[in-house]
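Working notes, beginning with the structure itself.
Going by the order they are written in, the chains are A, B, C and D; count residues from 1 in each one.
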Amino acid sequence: MGFGTRLKVTLFGSSHGPEVGVVVDGFPAGVPVREGDIQADLDRRSPVGRRTATKRQEPDRLVLESGVSGGLSTGGAIRAHVANEDVDRSVYERLRWTPRPGHADYPARERYGDSADLSGGGIFSGRMTVGLVIAGALARGVLEPRGIEAVAFTRSIGTIQFDPDLDTPIPSLRENSEQNEIGCPDPATAVQMEAAIGAARREGDSLGGVIECRVSGVPVGLGEPFFDSVESEIAHLAFSIPAVKGVEFGDGFAAASRRGSQHNDPFYWDGDRVRTRTNHSGGILGGLTTGDPVVFRVAVKPTSSIARPQETVDLRTRTRAEIVVGGRHDPCIVPRAVVVVESIARLAIADLGLRGGFR
Amino acid sequence: MGFGTRLKVTLFGSSHGPEVGVVVDGFPAGVPVREGDIQADLDRRSPVGRRTATKRQEPDRLVLESGVSGGLSTGGAIRAHVANEDVDRSVYERLRWTPRPGHADYPARERYGDSADLSGGGIFSGRMTVGLVIAGALARGVLEPRGIEAVAFTRSIGTIQFDPDLDTPIPSLRENSEQNEIGCPDPATAVQMEAAIGAARREGDSLGGVIECRVSGVPVGLGEPFFDSVESEIAHLAFSIPAVKGVEFGDGFAAASRRGSQHNDPFYWDGDRVRTRTNHSGGILGGLTTGDPVVFRVAVKPTSSIARPQETVDLRTRTRAEIVVGGRHDPCIVPRAVVVVESIARLAIADLGLRGGFR
Amino acid sequence: MGFGTRLKVTLFGSSHGPEVGVVVDGFPAGVPVREGDIQADLDRRSPVGRRTATKRQEPDRLVLESGVSGGLSTGGAIRAHVANEDVDRSVYERLRWTPRPGHADYPARERYGDSADLSGGGIFSGRMTVGLVIAGALARGVLEPRGIEAVAFTRSIGTIQFDPDLDTPIPSLRENSEQNEIGCPDPATAVQMEAAIGAARREGDSLGGVIECRVSGVPVGLGEPFFDSVESEIAHLAFSIPAVKGVEFGDGFAAASRRGSQHNDPFYWDGDRVRTRTNHSGGILGGLTTGDPVVFRVAVKPTSSIARPQETVDLRTRTRAEIVVGGRHDPCIVPRAVVVVESIARLAIADLGLRGGFR
Amino acid sequence: MGFGTRLKVTLFGSSHGPEVGVVVDGFPAGVPVREGDIQADLDRRSPVGRRTATKRQEPDRLVLESGVSGGLSTGGAIRAHVANEDVDRSVYERLRWTPRPGHADYPARERYGDSADLSGGGIFSGRMTVGLVIAGALARGVLEPRGIEAVAFTRSIGTIQFDPDLDTPIPSLRENSEQNEIGCPDPATAVQMEAAIGAARREGDSLGGVIECRVSGVPVGLGEPFFDSVESEIAHLAFSIPAVKGVEFGDGFAAASRRGSQHNDPFYWDGDRVRTRTNHSGGILGGLTTGDPVVFRVAVKPTSSIARPQETVDLRTRTRAEIVVGGRHDPCIVPRAVVVVESIARLAIADLGLRGGFR
């Protein structure tokens, strides 16, 4: 469970084991590492204190052991984790032979056999994203001195959508999104989204949504030709986040129904900088950044664990079965996934930058 | 310009150099390699004889030099290429200092400087996909004996769309798509799509579209946990194809506005096999295959080269410029990209299979 | 600080930080993991209770957190570490600007600057091999069910040498080597070696030596052609062990002065198995295993930290300096490195096996 | 068959196929590529015109197709090959079932089965090193502008040895080595070596030897901590060269019998540069370069193909067999391997430099 060329991330732990965490190898020496900033990102992912989230209550306190000395990275691998404190395995034992629809249970059991630890989703759980958030927060130290800023926000929940203007400054997007637990920059929409999640929960059902991420300040020409394009790297990481089913850049799928004369972004001189009048491309041409903000969206499916009875199979008796998935689940994971999407954007840009995109 | 863990693909050549091609390292020994089958896939990508394509006329004859002996792979790296025969660089010299909107010209020049060979798109050109098609055709030899079959087809061009039933057998999809040069399985829709492309061309404009790909026969549990999920690997390769701006699996972006009770696919026993009653997941749960067909869609932007005047910058004089992109271009590359999408699906599945997904 | 293709090892920690440890990613699910066996290998590396070792007294208790459940690997990454308990940084502060001859201090400071944590060797310390030993002990679980057994032993210390017959059974080599703290299979030679180490220590000096490793039961044909030959993989790992300056297989450097008619190993039928009458090749032809025991030797330089005054430079004042390296050091690290060499042999064979060498 | 992190080398072709060659991916843009220089290195490897080499006469004309335009690298992958012109497969057909002692025939057949192309050694042949020589010659363009110079030379053939002083300037070593076909910098020793090779040939036998390589001008601190030390990278590549059985750096195996007070290299100020008074370390401490010349030696076994009858097995009849290896072989490959060793040194240094060692 690793990714990255210069900044190499390996995730360890599992949903119901003693911990989840990450080792980041290849992190440059001398970069400031502020534990408070990492903890702040972990808190944005945490369910604690959210009305719309699971009742599983884990404070997710960062433990940072290796690779940092005196507040600076040493050049060695950085290891950090968070303990799993509120684990209830009993629910999962009951589901041992009846795979939950929408979960990895069935293919994982076929692949790994009985020794696979699937409790709580095991290594397939969304809880593994704790390591991505830690790694993404570390990458801030590489990006921020270069003026590179990322923000992700909730763009839609179910059928409720807010589409902020492309010119909205990133600090204002960030500030407004953090005013509500939904992560939506528009307060009125956030209220509607929260209501929709509450309604789904009361009906024993769940909702999905779309998260958008924008990254400004990226230098021109970042990305590796062909296979390791900015799109390929971001998408690779985004699709590793459980529940993501689609990724698009700039106009994305909408571009497919436009004409070239509508879609192409004209270049112009903005003082001594080349810029584009529009940003249909999402800041990426030929897989390389143009200097305009990188913009992408990620589709998140509705939470697979729902309180309603569902049809499944019994793998022992080879008969039909019906299950009600117990445990404590989010009726919509979109708000908590916002910081995860932001984190993988940071990771991808930092890795490509260290591979040659920073000049 | 390489990708893959077991099946390692490296692309070489450039649009206006002497050749484009591929080296595939890690290809198992003893696999049948039929040059005719590779040539057939190259022909599906070729513009020759198409009414809707560029007038650049290259027969793209396969030259297969290394790694095959007596019709079987030897276990050594396989090298193959196609000569560039119909190269006209003059057009590009004129555009040297005025980057074309929608192309990699500007970021590539910033990154690589004057030594970058950008003529005809250089290493960023769609012509590099010749190597992907060759590699994907080689992967057939690994997949077909295992009963794994892939088909890609044109799902939409501009606003015209055809959405074949999920139950349509893959051989029939293939056969019907190959009846027309659009690669659409429905003949009536194909006629409309061809007319739309013709209209765009006459107006000096271009069109995009959506390509769908389905892969059947994939064993349960293929894919590597978390980072190298089936979605991550396919998306990584898909976003390396020039002009792709979105990738989605199963219901994709539509899943974001559904409820869990609508989206989850119930399991049932089909004889002694576990299957799902629906396939909203696109045959992938937790990043692993379920045994149902893998289904994904790729959004292709409208061709960036259009015959209309476009605003750009002059990088020498630092003034505004206007260009009309000459050269010979496809008004819509979707039909020729169908086989490329099919090829990267084969590559991703074969690589993940050799990594442990085949049992 | 990572290595491996299927079995991916990342080391974390540093000599004087809170811990040293390892993450092993790609470890197969369902393999027995016995903490006692890992601890036993760590104990073979530990200085505790050795007359010939450093006075730094660390029990090196294994802490195994992730990737194991109910005594079996889960398929997730395995994380384990050992705390650094007996750290005395004061000695190193004094040496901050006067690099120790024979150590990484000078080049590491040039490369990483002041933020590099060089205390006690930092990430360049021999203490990092704790992670290799843990990983090698884990690899036992992959190798032993296949009948693959490795043993390393001390072949020479300074000018004292013992060269066991190639026919000596591996269990007897192992048993005899573990009878003494030198790790030499001949008791009389071990006594002489211990005396030589004691003499060097009293003179404020240090000794090097040669470690030999033999691996039996390796299947025929393990290894990847050309670049990832068995020799390349073992040598890559062996040269990562601090203080290793030479690696040779089979006859090694002696082969350079023999004739082909002396060096070639004739094949013969041993029942229904092909074997070789001699093993000058070290069990490797063309980079692939022959089925005969893999045999290699590693040259270990004398410990760089000696109690005598040494000439060096003062990097602040740009003048000549003289230092006496304090701290607590081994006068000869060969005996403690034996298990490290055995561990990297296991890692290399297990990784190549999982890449295709096991059939 | 690939290696490298930034400079990625993939070898293709085989001994008796149509070609042997290389793709170098990740080569920086704008580097001068002089075909004459590459050809000159290929000529140093060629048997043509040598009294001591095989009678197989191949001019090995470089064909460079991709990645170079107007004498400069373009940033795309560079592909080059050499045709196999003087192939005589008949000899190998006769040996199909009787593996040659000392060759990869037996383990390769076990691993790859009948489809493996073993003719002339197939992908295990020394002929594959043509690609290494091309890649190493390309790396000159990266190294020489930085003042990094490598030279390899023949240090011993059989029992005849010449050990040039460590202070000998590299240009003089190079010039003197190129005066004779043995590649030995001392003319008198070269005459003896040539006589010894002639004698071995007349007796139907073969000789091995030792090649030394020195690299000057390497910046301080090049190398990646722990696993990708300079020693690990050079050794990995060196052991991929067929017939190499040992690699040592600086004092190498001799260091094992020295004391720390003899082996440590004292630092001193040479003007404003830190240097070492001796170079027992081979220019490498803690896996990083010290700024002193990198020095390593490689042991080459005697050629496995000899004209005398040898015992082997018949794999069909499962009986004893005797073979006389026909074909046209070098009685000693050391002289032709000199440039290969020099090439892999360049590759390793260039790759580590591009990974961060160049500053």
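Basically, contacts are C-beta pairs under 8 Å (C-beta built on N, C-alpha and C of every residue); 3 or more make two chains touch, one makes a residue touch a chain.
Computed from a predicted model, the values in this text were never measured in an experiment.
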| item | value |
| --- | --- |
| Any chain in contact with chain A as well as chain B | C, D |
| Farthest chain relative to chain A (centres taken as mean CA coordinates) | D |
| Whole-Å gap between the CA centroids of chain C and chain D | 26 |
| Chain A-chain D separation of Cα centroids, rounded to whole Å | 47 |
| Mean-CA-position distance for chain C and chain A (Å) | 40 |
| Two or more partner chains touched - positions in chain A | 1-2, 11, 75-76, 112, 123, 225 |
| Residues of chain B defined as touching chain A within the complex | 1-3, 11, 99, 101-108, 110-112, 121, 123-124, 128, 156, 158-159, 200, 204-210, 220-223, 225-229, 231-233, 235-240, 242, 244-253, 255-269, 272, 274, 276-277, 281-282, 285-291, 299-306, 308, 310-313, 315, 318-320, 357 |
| In the complex with chain A, residue positions of chain D that touch it | 5, 75-76, 225 |
| Parts of chain B lying in touch with chain D, wherever the complex brings them together | 1-2, 8, 10-14, 17-19, 21, 23, 25, 29-30, 65-67, 69, 72-79, 81, 112-117, 122-123 |
